[in-house]
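Next, two complexes with chain A in common: one pairs it with chain B, the other with chain C.
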Partner chain A sequence: MNALSIAGLRKTYGSVAAVDGIDLEIPKGCVFGLLGPNGAGKSTTFKCVLGLIRASAGRVLFAGAPLEPGAFERIAYVPERSVLYDWMSVREHIAYMQSNFSGFDPARARELLAQLGVGDERKKVRALSKGMRTATAVALAFARRIDLLLLDEPTSGLDPVNQRTVLNLIINEAAQGTTVVFSSHQIGQVERAAERIAVMQRGRIILEGVVDDLKAGRKIVEGILPSDDFSINGLASDARIARLERNGRILRAYVTEQPDAIAERMSALGAQGLRVVDLSLEDIFLDAVAPKAATASIVEGV
Partner chain B sequence: MDYVAALRGRRLMIATAIVLAVALLVSAVIRMAMPHSLASDLSFDNMAHEKGAIVTHTILPNGAKKTVTVLPKKHTRIVAIDRGYLGGTVTITRPARKGERPTKPTHGFSFAISSTTKTKDGIHSSSIRLGGRTDLGFFSVFAIFVGLIVATMRALSFASENDGHLEMTFARPVSRELVALRIVATDMLTIVATEALTIVAGIAGLAMYVFPSLAISPYTAAVLLAAVLIPMAWYGMLLCATASMKRGYGIVVGLAWPIALGLPGVASIQSSLPFLRGIQVLSATLMHIDPLWYLHAVTINSDESMKDLASVWSRSTDTALLSVAILAVVYIGAAMLQWRRVEA
Partner chain C sequence: MPVIFTVDPRSGIPIYLQIIEQVKRSVALGLLAPGEQLPTVKQLALDLTVNPNTVARAYRDLEHDAVIETASGRGSFVRANGSADSASIAAGRDVARSEIDGAVRAAKSLGLERAAVTELFETSLDRWLPEES
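So, the complex of A and B:
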């Protein structure tokens, strides 16, 4: 049974669809990365899933059951912006969590806060930096016994050390069987932590799958042409090449199969310094959300 | 009990306690500046220095000091009984002036002073008593006003949550209705607790001057009930008005006081102009859903005696308090219905 099943989720504001028919199945114990440019509908999706805003249509199931208030005992959510109370101290937030969640471990929260550099519990939230507020929210969420963790930009505002700490926490939590769904603009982080990803754009999922599967067989073949205007006639029409980019003398082919054969073709054309590299998640993301603006000029059947 | 509402309530309680403590401190300073007990000031010592005055002092078996001052020229006799901290009485008798009638008795609940006068057989007698019984309801009237101020502040509970905290508030393992109920219950406790604090401070303030001899009457019950219901209805009304607001709610609350207090005034406008007449009718109607208007049910005049107070309950309180209770339930219910639909 999946930890989270989303079917036909839709949220409209007037004629604008912020979330436009999302279907997702997230297995238990999976780290799931939700990617997308600003305004893609990631935060709205999180809120719809948790019932914090009413979905216009669709169905959401948590471990096969619809969301009920009691389920929040096993679900933690860290929103994108700080929702902590400015006038309350960190210590009071710990007490707040303790009073609301039976599975909250205050000792663990203190340990995590210290690890993330929020040492002084007496400090009011208003006295904390943006990064420290994020760290506090993350620490409070990770100090609970939960089955599902939804994190909307959990590393936003954190320094690189704390970003790494949070990523490790996510990975450790998943290793203990918790399902983690997180969004981030830091694609490198998603690549490091997530097993599966979905890319959202304009409220829709435009790409979804296991990271390794998405990358499997897809390579970049890169070479340097003798001159800027050197002809690569016929290469762009090769069915094995998904996209061909040319940036001055640099020619880059996004290959779906037989990268070595493509490298040989480029070599035959006179390209030098040829190398075959793995496609990164960033390449996959950029290819999905902005194929035309991804990098250099696209070679359209030259 | 809701943790955040309780924390907010605690802060408000501390603020109220500080204000009351300052008031008590000022009262204590004034009291310390007085050399004697209040009762000793009733002995009219200055009269004893009048020419021909005959003054006799006696200590009564109960320890009270009795001073009798006779002014032969004025045919006046002043009997003062000073019981120190427990209070005292002074009775002045003199020939009645032509056509003199007894004045209306005053009771001055605030300082536990009462006075009565009578004229019989050509003799006018006036009596002042300090340290008489004070109805607990008097302190409750003050408490209502403190309760209303606290209710105004706490009425922003839902709006404050809407303003950036709903992701925390609603992502808890309890239904939204229960969250709302807990917040309302905690706020009500805060209001009642600050009112109790005010009553205690009022009694303490009185005790600085004279022994507080408290009385409980049907009036006390009426005011105590009003002290819970009127701030609750006021709280409910403002809660309802701001339940779905995420910002700008301070303006609503700020305008509520002048509007609510001004309604009875506007409702009393007498005019033949259709526009003004329309406003008058509208105000007179709206007045009935304004919780502050129901304060009239427990408003008393200073010339009402303890005996009169007993009749206050039957006079108008039943209907007024029932109405205000209904308003409280309707307003709070409507606020909760609105709030459960607010989106983060």
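So, the complex of A and C:
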């Protein structure tokens, strides 16, 4: 049974669909990265999933059951904008968490706050920098005993050292079986911490999969044809090729799976100088949201 | 145990494949000896700051390739059965095979005939692995 199961989730504001029919199955213990340009609907999705805003349609199940008030005891959510109270001190937040969540460990919270550099817990939240507010919200969430962690931009405003600390906290939770869903614009972080990703654009999921499988399948296969007018009939209809670019004798295939087989096929057609170009997750992301902007980065001879 | 593995998460090469290659290389070179314990999945995931399921996937494949074995509850170890260095020879062959395969494919793709590739191979063999006289 999956930790989180989302089917047909929609949220419309008038005629605008902020979330436009999302289906996601997230297995237990998975770290799931949600990517997408600003306004793609990531934050709205988090809020709909948690019932913080009412979805227009769809079904969300947590470990097979619909959301009920008791479920929040085992779910932590760190929203994009801090929900800390400006007029309360860090220490008062610790006390507040302790009285609201039975699985909250104040000693662990203090340890995490120290690790993230939030030294003085007598400080009011209003005196904290944006980064320190994020760090405080993250530390309070990770100090709870939970099954599911939803983090909306958990590293925004953090310095690189704290970003790495938060990534390792996510990895540590996942190694203990906690399911983590997090959104980020920092693709390098998603590339490290997430096992699976979904890319959202205009309220829809336009790409989903296991990061390593996406990288193994999605490559640019480039070959040099014998002449400018050389026929490559048949290649364009290969379902494993998303699109073909041809510039004189140079042929580039944007492959979604089995790049080696495509390289062999192009070789059999007479193409020479074949290269399989690896794509980073950033390349794959950019190619999904804006196909023209994709650029190849690391080149490997084949 | 010192950290002997490094991965480049930004590379387009899947992270689990990078880990497999590094473990095989380390076993082939004796940096990991037969019977030696590997870091736990959680420990390696934290050391490298990569997803634990990704590390577990690499360990499963290494087990399938008979490079390591996992004793439930005790951890993962470099395989030690058979001759003392069978795991290291097998691991070295795996890494070398994929390098040689890539080199032959590159030569073919540049339009070289079999005879020309054979000649290049013999030159390399004479240079790096000359026959004892």
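FYI, the second predicted complex is superposed on the first by the 233 of 302 C-alpha atoms of A that agree within 3 Å, B and C clash if a C-alpha of one lies under 4 Å from a C-alpha of the other, contacts with A are read in each partner's own complex, and residues count from 1 in each chain.
Operating definition for what follows: contacts are C-beta pairs under 8 Å (C-beta built on N, C-alpha and C of every residue); 3 or more make two chains touch, one makes a residue touch a chain.
Since the model is a prediction, treat every value here as computed from it, not as a measurement.
Chemist: Once chain A of both complexes is superposed, is A:Asp283 in touch with chain B (first), chain C (second), both, or neither?
Modeler: Touch partner of A:Asp283: chain C, not chain B.
Chemist: After superposition on the shared chain, which partner residues are touched by A:Asp213: those of chain B (first), chain C (second), both, or neither?
Modeler: The answer is second: A:Asp213 touches chain C but not chain B.
Chemist: Once the structures are superposed on A, label A:Val83 by its partner contacts, choosing first (chain B), second (chain C), both or neither.
Modeler: Touch partner of A:Val83: chain B, not chain C.
Chemist: Would you check which partner chain A:Glu73 touches, where first means chain B only, second means chain C only, and both and neither mean what they say?
Modeler: Only chain B is touched by A:Glu73; chain C is not.
Chemist: Quick one: classify A:Gly64 as touching chain B (first), chain C (second), both or neither.
Modeler: In the superposition, A:Gly64 contacts neither chain B nor chain C.
Chemist: Given the touch rule stated above, what does A:Pro160 touch, chain B (first), chain C (second), both, or neither?
Modeler: In the superposition, A:Pro160 touches no partner, neither chain B nor chain C.
Chemist: First (chain B), second (chain C), both or neither: which does A:Gly14 touch?
Modeler: neither
Chemist: Please name the chain, chain B or chain C, that touches the greater number of residues in chain A.
Modeler: Ranking chain B and chain C by residues of chain A touched puts C first.
Chemist: What residues of chain C sit close enough to touch chain A in their complex?
Modeler: Interface residues on the chain C side: 9-17, 41-42, 45-46, 49-54, 57, 102, 105-106, 108-111.
Chemist: Which residues of chain A touch chain B in the complex?
Modeler: 47, 50-54, 69-73, 75, 77, 79, 81, 83-85, 88, 92, 95-96, 99-101
Chemist: Taking the touch rule as given, give the residues of chain B at its contact with chain A in the complex, in rising order.
Modeler: Listed in rising order, the residues of chain B that touch chain A are 3-4, 7, 164-168, 170-176, 178, 341, 343-344.
Chemist: Would you pull the chain A residues touching chain C in the complex into a rising list?
Modeler: On the chain A side, the touching residues are 29-31, 164, 167-168, 171-172, 174-175, 188, 191-195, 211-213, 215-216, 219, 223, 263, 267, 272-275, 277-283, 297-298, 300-302.
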